[in-house]
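Next, two complexes with subunit A in common: one pairs it with subunit B, the other with subunit C.
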Partner chain A sequence: MLGTLGRWFIDYIKGQLYALGFFFKVFKATIHFFKGKQAGKKVLTMQILFTGFETLNIIALIAMALGAVIIIQGVSLLPQFGQRELTFPILITIITRELGPMLCAFIIIARSGTAIATEIGHNVVSHEIEAYIASGIDPLTYLAVPRFIGVTVSLLLLNIYFNFFGLIGSFFITQFIEPVQASDYFRKLLSYLRPEDILSSTLKSLAFGIIISLSATYYGFKVEQSSTEVPQMVIKAVGASFVYCILVDAVITLIYYTR
Partner chain B sequence: MKFHIRFAEQIVGFFILIALLMILVIIIFMGINQRWFSKDYHFTSRFLSGTGLSVGMPLKLKGFKIGSVDKIELNDDNTVEVNFHIFDTYYSKVRKNSVLELSVSPIGIGGSGLLFYPGVSKELIPDMSFIPSLDFTRGKDLVKRGMVDKPPSNDTILNIVNEIGPLLTNINDAVVSLNELLVTVNKTFNGTSTGPVGDIVDKINKLTGQFNTLLADATGKIDTILGNTSGITANLKTTSEGLTDTKGLVTKLLDPKGSISKLLNDNFELYNQITGILSGVQMTTDELKTFTGYINNSRPQISELLEGSREALQKGKDVLEALRNNPLLKGGVSEQAQQPTTFRGYREEDF
Partner chain C sequence: MHTVQLEHVTFIRNNRKILNDITISFPAGKTSVIIGPSGCGKSTLLKVAAGLFPPTSGKVLIDGKNLLTMSKRQLQNFRMVSSFVFQDAALWANKSVYENLSLPLQIHNPDITRDERDRKILSILKEVGYTDSIHLRPAQLSNGERKMVSLARALVTTPHLIYLDNPLILVDPSVLAKMQKLIIAMYKSSETVIANFSSISLTKRLTDFAAVMKDGRVIFTGSMSDVLTCKEPEAVKIIEDIITRDYSNSV
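Let's look at the complex of A and B:
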């Protein structure tokens, strides 16, 4: 019993150290990624295309729907309490600061995180990693780094689009249901939007992008021999991404409100 | 090859460019809207409480936003120091004797805000100066002296609430006065009031009582008089009947052989006796007059004698009381048989 506990603890520490070593190597490879002509740049472009551009329609739809609901509820409910002005702080809090980055992260986890973990897992099972090494290609530089950069950049860009569609696009949707004067809307929206909100949102999406890409690549590389390990690692990658994203979100929010 | 795969780099480039442009445009418009590139004038003020104050809170003049709150701090003397800025476009309104007012809605929603009232002076307040608030005497004095351009409040709820206070105070005063009036009226009608009306009512009550007593007394006397009058009337009737009778009293009085006739014809014998008696009475009266004069002359000495006797008796009484109360002499005097006085009045006789 005691021996089992000791073994589990030693394995856990070893696993954490291995993960830390992996993250360190990826960061190090990322710094050198843009130096010289890299084959991984094409992979990066494709990663941004798949993770960022192809997710834009879903992001735009969710952002506009969410923004429109907040505006409609705000302009219909809040004036009853003489607090119509609160519509804009609520809209900015939800779209820009809190829900925007988190929703983008959840979509990317479901869409790209799983895909990356699965792809790398199959690369391991089919011994492609050994082939890359044999060919003199660093698998981290070719497989992990472009995905790490691609997912992080995509999440940052998607967050900007989410904010744009959520704050501005939703205004046009609202016009069909509850017409609001455009000049008044944009003037007030821009007066309530603070640089801290944009910074908080950017920090969150940056952190979420790093967490999702590292979790997906790490668990993808953790597949050893069997293809049955792939879905298990994908589930672990998704779970870890969700947990760490929520934790980091809480920490950044805490820093924002206690500054 | 699919379109978006073939033109992946262009699409990604466009995707990144548009995103960067959007964020750039938003930041530029945000900066313009929030006056990042404009000069603001900074001031400080002080309030009694920070309730209703918040960082970023707009500073308003006649409904226009002219600035906002930058910082709120609680001082060592428990006052709240507020740092705020005013836009350069409204700096011309920041004149000497300007004041601030923190308007807090009493029902919690709406109507709250930090209001700016410019002074009537033409002199501008320099940057980083102190602007007093209406929470303190300095600001109130400026308003009282008419040195501030402060229009009446247009917040209906606040006005109503402000009006209700004095109204309720007046109603309360009126009710208290009415209550006191009722108590006074009750006291007055009970005759216990100390006021003039109370005195009058009290006197009327007493007079009525006295009048009733007098009336009862007079009624008894009138009844007695009426009874006597009846008797007199009966006597008069009898006398009248006697006078009219031929054998009555008049006939007897006029009889030449009667007593009256004899008394009137005694050769002044009765008259002389009466004169002698009167002379004796005259002499006695003279002696009595002389004695009375002597007594009158001796009255001061008699009074002095009586006063001396009274004082002697008082001192004697004190001595006796002292002897009786002295524990050494108490019981020291032997009992003596009392000799009854020989002089006793008839009134002191036992029955």
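Let's look at the complex of A and C:
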């Protein structure tokens, strides 16, 4: 019993150190990525296209719907407590600081996180990774780094895009309930938007991008021999992404309120 | 010409010892063939010797330099002169035939012009007998075509050290003839070839140096005639089994 526990603990520590080594190598390779001619630059473009560009529709739709829901709820509920002026701070809190980065992250986990882990897992099983090594191509530089940069940059930009549509969406709904001048609406809204909100939102989306891309590539490479390992590792990648995104979100929010 | 040596190499995967304390030296400029029953570790030995799998213990020496402790530049130089043909082709599934061949060229010759690259790719594809579109993906190719493209990918960078992991397995006769012709050309050149063939007839014809394997160990080494006349009971049994299997396959 004690022996089993000891072995489990040693394996766990080894696993953690291996993961740390992987993250360190990806960070190091990222620094050198833009130097010289890199075959991975095409992979980076494709990753930004897939993670960023192809997600624009769904992000716009969700952001506008969320902005609309907040305004409808705010306009109907808050006046009952004499707190109508809280509508804008709530909108900023939810769209910019909290749900914007988190919802974008969830969408990217579902779309790109799963796709990356699956693709790399299949690359391992079909010996494509060995073929990269044999051809003198570092799989980390060619497969992991472009995805790391692509997902992180895409998430950062999607968060800005989400904010834009979330705040625009709320404006359009306001026009149905209680028409206001666009200049008045946005002046009021922006007066509640503080640099800390932008910083918190940016930090979160940056951290989420790093977490999602590293989890997906790490678990993709953890597949060893069998194709049945691929879905298992995809599930682990998704689980780890959710857990670490939520934890990091809680930490950044905590720092925001306790600073 | 390049030499490949393994010193006390052991390779363990999933708690299973696949290679057990192997010491062997593959001569430079010769064709060396690894012979043995299925599952004895031939492919793993090739992959360890090619630096695709790091050994659990022991050393892999390329021209006397330890593969594990080579600098990045030395390793890149080794990759530039070597290539590996996989048993299952291992083509990059999300790339076209053209991209499968152009990527290694781009990596090893970044200054090559597009025209030059295209010329090289088309010429090597013609040489291996591939006649279909270069824009097809591996999934759209037949098994034989995949093997041809795999061989073309390995040869497009004009390597001097070639690892062949059973490239002719499950290939139809028309493709087989073309691929055999290329392999014979490699044999006649002064390149170092380390191979694992399923066919004993090809092995007999091409082998300068043979290593007989059993259960992760090398049990006999020597020229092909040494192997065929050896008195080592384990090696004799393996050779007899392979010859019988080869004969029944051909019948």
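The criterion applied here is as follows: the second predicted complex is superposed on the first by the 251 of 259 C-alpha atoms of A that agree within 3 Å, B and C clash if a C-alpha of one lies under 4 Å from a C-alpha of the other, contacts with A are read in each partner's own complex, and residues count from 1 in each chain.
In this text, a residue touches a chain if its C-beta (ideal position, glycine included) is under 8 Å from a C-beta of that chain, and two chains touch if they have at least 3 such contacts.
Just so we're clear, the structure is a prediction, and the values are computed from it rather than from any experiment.
When both complexes are overlaid on chain A, the residue A:164 reaches subunit B alone and has no touch with subunit C. In the superposition on chain A, contact is made by A:137 with subunit C only, not with subunit B. Once the two complexes are overlaid on the shared chain, A:108 sits clear of subunit B and of subunit C alike.
In the superposition on chain A, the chain among subunit B and subunit C reaching more residues of subunit A is B.
In the superposition on chain A, contact of A:39 is made with subunit C only, not with subunit B. When the two structures are aligned on the shared chain, A:198 is found in touch with subunit B, with no touch to subunit C.
In the superposition on chain A, A:126 makes contact with subunit C only, not with subunit B.
Note: no residue of subunit A belongs to the subunit B contact set and to the subunit C contact set alike, using the contact criterion stated above.
Those residues of subunit A lying in contact with subunit C across their complex are 37, 39, 119, 122-123, 126-128, 130-137, 224. If you check the complex, the residues on subunit B that touch subunit A are 4-5, 8-9, 11-12, 15-16, 19-20, 22-23, 26-27, 29-30, 32-34, 109-111. Across the complex, subunit B is touched by residues 45-46, 48-49, 52-54, 56, 81-83, 153, 157, 160-161, 163-164, 186-187, 190-191, 193, 195, 198 of subunit A. Across the complex, subunit A is touched by residues 14, 47, 50-52, 76, 79-80, 82-84, 86, 88, 90-94, 103-104, 106-108, 110, 153, 157, 163 of subunit C.
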